[in-house]
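What follows is a pair of complexes built around subunit A, which joins subunit B in one and subunit C in the other.
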Partner chain A sequence: MEKPNLSLIKEISGNDIEFENNILDIIKLEFPEEVKLFKTNFEEKKYNEASSNIHKIKHKISLLGLKKGLETASAYEIELKEGNIKLHPNFIEILDKIHVYLSN
Partner chain B sequence: MDCIIIDDDATARLITKQHCLNSEQINVVDEFSSAIDAIKYLNTKSVDLVYLDIHMPTFSGFDFIETLKNPPIIILTTSDKNLALEAFEYKSVVDYLVKPITKERFNKSLEKLDSLSTKEKSSTKEKNTSDFIYVNVDRRLVKVNIPSIYLIEAKGDYINIKTDEKNYIVHSTLKKIEDKLPSDSFFKVHRSFIINTKEIIDIEDNTVLIKKDVVPVSRSNKSELMKKLNLL
Partner chain C sequence: MRSLCILLVDDDKIEILKFKKVCQEANFKSNIIEAKDGETALLLLDDCKTPFDLIISDLNMPRMDGFEFLSTLKKNSKLQNIPIVILSTSERKIDLDRCYKFGISGYFTKPLKFSDYTNSVISLLEYWDKASLSSRLNTT
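Let's turn to the complex of A and B:
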């Protein structure tokens, strides 16, 4: 099972530790807010808005090297717009994984 | 080149900004989380390039392009791979970067910008054979001898054209006059200054002396300026 990692962030930053830390700081700041907004919109069945939230979260999933996670999120972003919530548990699993990773 | 970054995602803005900083070619003059705020900014200021996110709430990147009468060069940044066809329907769009943007892909995009800029400059050079431009001063069209211009400074909604004979305050932008000037002798050294490179007296650090004026040179433009000089 894939795990969040810093390989892409390191590649983007060219191993510049300060830049790397800046990216992580912003992710740590934005990610919980974005997830909160997604969950609220989902609970209120505002699926279009929730789909837009996934779009924004996708960038962070990708940055943290979760290739399969990105595929799931991309598929769920499209399906949710049509009211299909089948991938919801899989998506929440990805979010939880990132949450744990960022908390450490 | 002066650019702005428009993206509602702060992480994406930071990455684009850092790539620009590392490039030493692109100078980020401002960044916006909303396209509407960027439009307000562009109503009073001009830039050469916009890094633009497509997917933003309420006002998308495509809405942004359609709103501007004369959009600058635009490089789209997006997490969607499947919008490229639609993106390139807009004339001003020159590249399409899929996020997260890697250093390698960003540099390829710079190469593309370089080649576009060379093509544009050579076509402008071919078009501008006249030695004069006419500028509107107090409702009069005044003939200005282009080789006599040594400096042009942007001041709010106006530009100050300095020549050997006199100065002209004209309601215009640096971008507009830059398009009318021969690129072999005129160069935008800073977002507020265009100089006639033939009139340079000396260069020290990040300033250049033109006649009696000391003009700042932005870090991102210095290397291109040095290329234009006949260095020993």
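Let's turn to the complex of A and C:
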């Protein structure tokens, strides 16, 4: 099973540690807020808004090297707009994985 | 290379950092003004005394998204001639068609691989640097 990692962020940063830390700081700051907003919109069945939230979150999924996670998020972003919530548990699993990674 | 004055419209702070890093590493001397959504961009365009050479905009933004921004911009006679290039993750043909109907000057899909992203941004900036220079030469 794939795990979050910093390889893409390191590729973007080159050897620029400050830049790498800046990106990580933004992710740590924004990710919990974006997830909270997504969950609220989902619970209120505002699926279009929740789909837009996924659009933002999936960029962070991509930056943390979760290729399969990105595929799931991209598919769920489209399906949720049509009211299809089948991928919801899979998406939550990805979010939880990132949450644990960022907490460590 | 001359310095381009660019209005970068994107709510994603990481995207803005990435874009600036590419400019910095390519030694591209540009004046980048940031706007977090279409509404802020329109306010900046109205206020700014120095004309922008280029607008680079995302599509998916809160408050006023890229489409609404394009629609408003193209109706404004003072602003409608500023070239606007879309830099988005969307590969959907419907989005691309919609943007071209508004009269955009280019559409770039943000590549996932950073080296590809760098190449796309550099080619975009080099193109517009030349285009802007020849446009100024033609008007003098």
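What we mean here is this: the second predicted complex is superposed on the first by the 104 of 104 C-alpha atoms of A that agree within 3 Å, B and C clash if a C-alpha of one lies under 4 Å from a C-alpha of the other, contacts with A are read in each partner's own complex, and residues count from 1 in each chain.
By definition in this document, a contact is a pair of C-beta atoms (placed from the backbone, for glycine too) under 8 Å apart; a residue touches a chain by one contact, two chains touch by 3 or more.
Values in this document were obtained by computation on a predicted structure and should not be read as measured data.
On the superposed subunit A, the positions of subunit B and subunit C overlap enough to count as a clash. When the two complexes are overlaid on their common chain A, residue A:21 makes contact with neither subunit B nor subunit C.
Once the two complexes are laid over each other on the shared chain, residue contacts for A:40 go to neither subunit B nor subunit C.
In the superposition on chain A, A:48 makes contact with neither subunit B nor subunit C.
In the overlay built on the shared chain, the residue A:63 is in contact with subunit B and with subunit C.
In the superposition on chain A, contact of A:30 is made with both subunit B and subunit C. In the superposed pair of complexes, A:84 makes contact with neither subunit B nor subunit C.
In the superposed pair of complexes, A:5 makes contact with neither subunit B nor subunit C. Comparing the two interfaces of subunit A, the one with subunit B and the one with subunit C have residues 8, 11-12, 14, 16, 19, 22-23, 26-27, 30, 52, 55-56, 59-60, 62-63 in common. Subunit B contributes residues 8-12, 14-15, 18, 22, 55, 57, 79-80, 99-103 to its touches with subunit A in the complex. Partner subunit B is touched in their complex by these residues of subunit A: 8, 11-14, 16, 19, 22-23, 26-27, 29-30, 52, 55-56, 58-60, 62-63. Subunit C makes touch with subunit A in their complex at residues 12-15, 17-18, 21, 25, 60, 89, 112, 114-115. Residues 8, 11-12, 14, 16, 19, 22-23, 26-27, 30, 52, 55-56, 59-60, 62-63 of subunit A are the ones that touch subunit C when the two sit in their complex.
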